[in-house]
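Down below is the structure, laid out as structure tokens.
Letters A, B, C, D and E name the chains as they come in the text, with residue numbers starting at 1 for each one.
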Amino acid sequence: MVSDEMRQMTLLEYRDSLASPRILGLMTVLYTDVVSRSTTWNFAKLLFRWKGSLWKVIWAELVLWLLVYTLVSLMYRLLLNCDQREQFENFVKFWSQYTGASFVPLTFILGFFVSLVVRRWWSMYESLGSTESVATLLASYIKGSDEETIIMKRNIVRYLVLTQAMVYLMISLGFRKRYPNLEALRNAGIVNDIELKIMEETDSPNLKHWMPINWAMSLIKLAKRDGKIESDSDNYVVDLYARLRDYKNNLSRVSNYMCVPIPLAYTQVVFLAVRLYFLIALFANQYLNINNTVGGVNKCPRNSTTASSSSSSNKAPEIELRFGVDLFFPFATVVEFFFYVGWVKVAESLFNPFGGDDDDFEVNELLVRNLQNGLLIVDGAFNKTPAQIRDPYSK
Amino acid sequence: MVSDEMRQMTLLEYRDSLASPRILGLMTVLYTDVVSRSTTWNFAKLLFRWKGSLWKVIWAELVLWLLVYTLVSLMYRLLLNCDQREQFENFVKFWSQYTGASFVPLTFILGFFVSLVVRRWWSMYESLGSTESVATLLASYIKGSDEETIIMKRNIVRYLVLTQAMVYLMISLGFRKRYPNLEALRNAGIVNDIELKIMEETDSPNLKHWMPINWAMSLIKLAKRDGKIESDSDNYVVDLYARLRDYKNNLSRVSNYMCVPIPLAYTQVVFLAVRLYFLIALFANQYLNINNTVGGVNKCPRNSTTASSSSSSNKAPEIELRFGVDLFFPFATVVEFFFYVGWVKVAESLFNPFGGDDDDFEVNELLVRNLQNGLLIVDGAFNKTPAQIRDPYSK
Amino acid sequence: MVSDEMRQMTLLEYRDSLASPRILGLMTVLYTDVVSRSTTWNFAKLLFRWKGSLWKVIWAELVLWLLVYTLVSLMYRLLLNCDQREQFENFVKFWSQYTGASFVPLTFILGFFVSLVVRRWWSMYESLGSTESVATLLASYIKGSDEETIIMKRNIVRYLVLTQAMVYLMISLGFRKRYPNLEALRNAGIVNDIELKIMEETDSPNLKHWMPINWAMSLIKLAKRDGKIESDSDNYVVDLYARLRDYKNNLSRVSNYMCVPIPLAYTQVVFLAVRLYFLIALFANQYLNINNTVGGVNKCPRNSTTASSSSSSNKAPEIELRFGVDLFFPFATVVEFFFYVGWVKVAESLFNPFGGDDDDFEVNELLVRNLQNGLLIVDGAFNKTPAQIRDPYSK
Amino acid sequence: MVSDEMRQMTLLEYRDSLASPRILGLMTVLYTDVVSRSTTWNFAKLLFRWKGSLWKVIWAELVLWLLVYTLVSLMYRLLLNCDQREQFENFVKFWSQYTGASFVPLTFILGFFVSLVVRRWWSMYESLGSTESVATLLASYIKGSDEETIIMKRNIVRYLVLTQAMVYLMISLGFRKRYPNLEALRNAGIVNDIELKIMEETDSPNLKHWMPINWAMSLIKLAKRDGKIESDSDNYVVDLYARLRDYKNNLSRVSNYMCVPIPLAYTQVVFLAVRLYFLIALFANQYLNINNTVGGVNKCPRNSTTASSSSSSNKAPEIELRFGVDLFFPFATVVEFFFYVGWVKVAESLFNPFGGDDDDFEVNELLVRNLQNGLLIVDGAFNKTPAQIRDPYSK
Amino acid sequence: MVSDEMRQMTLLEYRDSLASPRILGLMTVLYTDVVSRSTTWNFAKLLFRWKGSLWKVIWAELVLWLLVYTLVSLMYRLLLNCDQREQFENFVKFWSQYTGASFVPLTFILGFFVSLVVRRWWSMYESLGSTESVATLLASYIKGSDEETIIMKRNIVRYLVLTQAMVYLMISLGFRKRYPNLEALRNAGIVNDIELKIMEETDSPNLKHWMPINWAMSLIKLAKRDGKIESDSDNYVVDLYARLRDYKNNLSRVSNYMCVPIPLAYTQVVFLAVRLYFLIALFANQYLNINNTVGGVNKCPRNSTTASSSSSSNKAPEIELRFGVDLFFPFATVVEFFFYVGWVKVAESLFNPFGGDDDDFEVNELLVRNLQNGLLIVDGAFNKTPAQIRDPYSK
């Protein structure tokens, strides 16, 4: 038996969401309306969003980075003695060679990687699959309003949703959390015991998500045999089969993208590149030479040879002197942090769009919608064609 | 009842626009004709356009930026005393490290982002949907010129436009402004009360833009049953259904693009990158050392140690001396402003092409055209085939 | 009446061109044969071409640029006095910061823009539309060699060409120059008075290029009704309609590309970027310090403070001394001119391929070919199938 | 005869793998589940994977490189005398001009090359081919459960797998290792002696992988002739043929990609670029001037002229002094090694995805699955349609 | 009559090639097998290939460049007197500003250009066209083994090959070399006198490669009329026509790519960019200051003012001193030569893949294969379906 409360709950949930913007699409982070006029002000308003925003994805890492940066800075300013400071400064200068424009690859590798991830993500989105096309054809091609026919049409729609659920069970952790197994799908009314038994009896080591599609094809074949498909030729059956195939191919494409991800090494290179850059920046972008500008004595009083050499080496790399500005807070690096980490985070959140991020596809909702719409089309709505009256434009 | 004035108005509006270049396409900013010969002069003429131009999209921001730049400049030149000036100069030199070629990521991130936005924009444009294909097939496949048949064909065309209107109601603020709800569409004659009632009676929490398409399919099915489709097999029905599906898929693609935008964080990163760059440039690109070139005394008379050190630090970063040229007006930065802000503005205006920018799709006009052309084809034009006479090339 | 001379002329023109390479394609600038072996020498030979070449597209701008450069150079060398020279030199040094590698965006923005333009250009080329496919099916599906049938088939071909002509009338200035209006098309025998009258009588504010396609469909429908299409089912009609739709969709795509160009602001940004770069280069790349190397006295005898400071500022930016080489002619900038202006010119000439550039599509010729081939296929050639004899490979 | 053990073994193998993640896809390196929430921590965890990881692909080369680097370093520090050291230092400084940002092309060429390889790899993956579509249609279109029909349907599925096997025999070394020739395929039960004999008898110098597809088409034709395909028109046969053609085209695409690889010169350029970069880095990134910082005497006591000149040339290239930091271990270069070699390794492992790398397609497994699923669909599963009962959602 | 020797020769040639790797594909430069495991060693082995390799494509240019470089070097070292040397050195220093990273555009323009060329090349390869699909359908749809039917089917295959030959005659110099005209094709047995006569009689100034396709369609039509196509509806004819259209569209695409090449100016820009870069490098990368390090007197004894100024200008551009290393051989530039010239050569050799390069398509071989396979399928192989026995997997 199906738990009526659950189903009822889902439907109510849905009705409640009617007023909300969620109805517009599958993703919760909508903002296109805000920028329907492309003024700078409209785009600026986007900055004050939280859900799915740059701020939300980077704040944790940024705070952590700033903490470590401050610790290093305090150590240098308060704990080290003169000689250690000099060593630390040399260390900072050494690493500061590798920041900014000298670290070009970061930008390139990110550009290419994000392009790849965005392309895959969009292709996945376009392949999520909707039951509308099949349901519409079913309603139109298979005549008869007797209960047997209606049940058959409803079940075909349900089989489509079942296939989709089986695929999501495999690829989506979020879906698995709600419906951990076929048992849970049975409780939700997506599959019944008879069907489960047939699936279990089928002796195959492979995934069986093609079975419901095959049932649907069998039922269509039966409908044709019984004369419920009022066709002179076989075009209607071929057309229905083609739509079922489209539906299944879409699901296959989605599961392909999830089962054969971008090679691990590529993802690791990109992840490492950005994180190592900011690890280096922890030291390379420290403000130096505090003493020199504060007190009058600017060098440790050691043997003159070393002093002069270190002094000359201090003067040479002017970019490290930072013009005597001691801002304590690494403004420039934080700006870079926004760009690089923000950019890589875009890729990371689109990487697996079947998880639990703000930008991820709401597959649970999609499934419910597919079921509702499909049933509505094959059962309720199709024959309610409006009476034909003259349109106001006719002469 | 439909308000005849409104309809009349729309048609008149249209007739008036016959002479204008608007008739050529959906976008108002046409300029391909100007550059039909690719001489430099022709392209140079494009610079003097205003509508949809670089100038129009950046002038406001440029003026604002220049104002703040001038304020900062005046403050530095007139208000600050010698010590403050020195500090300000150090501050400027500090930030000037991060301008120009050192800020490479800006260019890359813009390049990749603009590519993505342009691709989506064009895909949307190609999916706006036209009723011509379906109307042509309707006119050809469904025979009969009795009123009942004509009404049916006209209504099918209207249902297509209705679906389109329902989708635009969801995604286009500009469309919503003119037709805020289904009621307004009824007043415009796109939907009638009977149809509205059926839609309201259908109990579904989801968007119902598939309903008019289903009505159209039902009507085609009826026409086939009544023998109005003179077909030996079912090819004509399958062909018509396929065209209806194409039409609906196009609208789905458009609404997909609008409902699942580029992830917010990506947009924020790009927006921030450009604006922070010019925020930094407000200070980094100030002209310094005015006193030095004007008066003979070029340093604050303080303790000599600091003076000499600051003097040496002044000499080192030569890029900041700017060769003694004090242009007051930041020519180079304004040039950069043209490029970067202009480029990002291209992306911003294509981001939501259903809004109110100069470059945006004129969906109201498209709808009217779809209705006019569709009705004309199914009702008026089709059977007026010219008498067949020999062509002048035949021997 | 059609002017026989004109038609005759066109055909003769064509016959004459038989021996020329023009027959190979629609574009006149063919050079693939030259590089069929990819030796450097073969590619080097391409440099000596004029038509459609880099030289032809940039020579005018290059000469103009060199003229202004020379004027500036002469002014600096002959007209300015010592102080003015010094100011001019500072001015030059100031701008020379912004040349070469520091002006990175130029390269990127060009790379992305040219990619976009080339992609659109090729898509347009592939959508120009050919009557061959439709004509071949017409000849095969519609039986009968009586005059009535032949006239109908010929007229269908002519209607295709007429649709194409109407689209080109809208988008191609080059086409409009030869055939300024429908009247001119009538004179060329592409449309006759009966058809023109029907088009005029059709009351629509929109473009009517769908009308000839509809006529063609009507005629096919009639042929089917009259039993001229010897079909068991309706497959042949559906197939023919699908080909007509392909043909029309191609033309729609072309006109889409022309009516909805790349946003104006994008084009302006690219145009401005390249031209401003070379405007800056007019000054930034001047050879300086002529006096210093010619005469012995190398500085204006003024107050010593300024002299020494200017001397030090002279020494610092070594890149401006150019190692004492005074080449008069800006070799390096001319090389850059080849690259940047050449690259942007590629984009500019592909921007509107329906104009009058060397690389543009020869649409007049295409139209004639479409008409000739189409008529030949439906009228003359189809039934002349060779007698079937054994092939030499059969055993 | 087929060896029953082998077949049994394969099936058992499969059953065993049911619990493993391998069932999810064709590639063994799955990690999308780990990052279903895109937290940094989740992505960080990916770094600790070994199979298919960055570490696994670069460790050997990295160790080798570090070994040679250490040898060079030790030689310089311990073996060379003062003069040789100076020469070595000059040599190092000379090469250090060509590292880091000065070696830009590396990044670009890698970006473009990796994009190309990834695109080809994904296209190959999508074209591997599955028997499900054809099997489903076979089961539905060809009626009859008599043994003759069942055998025919089973054999058609087997022919599909045979074609696939013949293609893989040509392109996959991994497949060839398990099934070196047609004989081995016969032993595995994919082809029988009768079929082998026909193939041998066919006198053609070309590959014969089209033969099984043709057999399949012949059998379908026979089924149609014998009335086993219950069709009013020929749609079913045309549909089946179309699916067979899809299947074959997919295999052709895969073999195209393998037989016409990226031009050798391109691959060589990329391979060389990365390896030469790190060959240069062996010397260019050595830490210099050890003596100078350790002992007090920092120059070889030779004739003063040379000493002073070398001293001045030592001071000039400050980037080589590395601020007196002698880290022994080339941290920065190792970081670069991660990026560049890791990136190029991604391309190299995707280059031939039919080999034996961790990321490569498991074609043996795919073949078994194709056979199992296909046979199951045409023989076992299709007619087991569940009894139709009301779904829980119906009112 | 056909020359039997020639045909025999071709077939023998083919048989001989059976053992060679050529059978695997159309390109001779196969190397995917070598890298089936992506170890560095496997990729390193690729470097030792000659055919189609980087070495083969660049050796001539590299040798030439090195020769000129040596001449310039010798002239500078042996022929010039002290003053000339100084001038030469200034000249070298002037040009050395424009090398390496300062010449960024080279990399970008190459990246975008190579991408474009590779995309076109691959699209061409995929459109070369194979007769298998059509031949398979012919064999299946057209029943009858009488000689008349067999001859017809064989001739249809031959007509396909003839169309292909006519297209290649137009676009491939390599093909033209073997078969200079239609006469040669007749001698090769691809066309006979009857067919040639019909082609000549057809009065058209345009290319006539659509004629054989039309003949094929006529023959199919005749077969249908004569009841040789055992069809209930017209699906088979429509299907055959669609495949013929696919075949012809593929050939059209190939000839489009060849007849409308990348705009000449673009190719010239890329060619010039690379060659000018290395022309500049001839001078810019010369090793200077030989005398200074060899002899003790390092400057021409002239008036002291100039000497001191030149001395200062010598010191400034340190990058030119090259740290006193006089390697005679320009290692670094040769490395750059590998990259840049190698990369551009990839584009150049893919530019016209119908020529005589190592990587070019072997169209002659393709034609023979198309003919052989096609004839084999329609005549010999199709009806030899193996007897149906139980497969070893059935229970």
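We take it that a contact is a pair of C-beta atoms (placed from the backbone, for glycine too) under 8 Å apart; a residue touches a chain by one contact, two chains touch by 3 or more.
Because the structure is predicted, anything quoted here is derived from the model rather than measured.
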Set of chains adjacent to subunit B and to subunit E: C
Minimum number of chain-to-chain contact steps, subunit B to subunit D: 2
Relative orientation of copies subunit A and subunit E, as a Cα rotation angle in degrees, nearest 5: 145
Residue-number overlap at the subunit A/subunit D interface, same or different (half cut): different
Averaged-CA centre spacing for the pair subunit B and subunit A, given as whole angstrom: 25
Subunit A-subunit C separation of Cα centroids, rounded to whole Å: 41
Contacts with two or more other chains, residues of subunit B listed in rising order: 57, 101, 104, 108, 111, 115, 231-233, 235, 345, 349
Chain contact topology (line, ring, star, complete or other): ring
Going round from subunit D, first to subunit E: chain order: D, E, C, B, A
Footprint of subunit A on subunit B - complex, ascending: 1-2, 4, 7, 57, 60-61, 90-91, 93-95, 97-98, 101-102, 104-105, 108-109, 111-112, 115-116, 148, 150-152, 154-155, 158, 170-174, 189, 192, 194-195, 198, 201-207, 210-211, 213-215, 217-219, 221-222, 225, 231-235, 237-238, 241-242, 245, 252-253, 255-256, 258-269, 271-273, 275-276, 280, 305, 310, 312-313, 316-317, 345, 348-349, 351-352, 354-357, 371, 375, 379
Subunit E residues within the subunit D interface of the complex: 11, 14-15, 17-18, 23-27, 29-33, 35-38, 40, 43-44, 46-47, 49, 51-54, 57, 100-101, 104, 107-108, 110-111, 114-115, 118, 125-126, 130, 132-133, 136-137, 139-140, 230-233, 235-236, 239, 296, 315, 318-319, 321-325, 327, 332, 335, 338-340, 342-343, 345-346, 349-350, 359, 369, 372-373, 376-377, 380-394
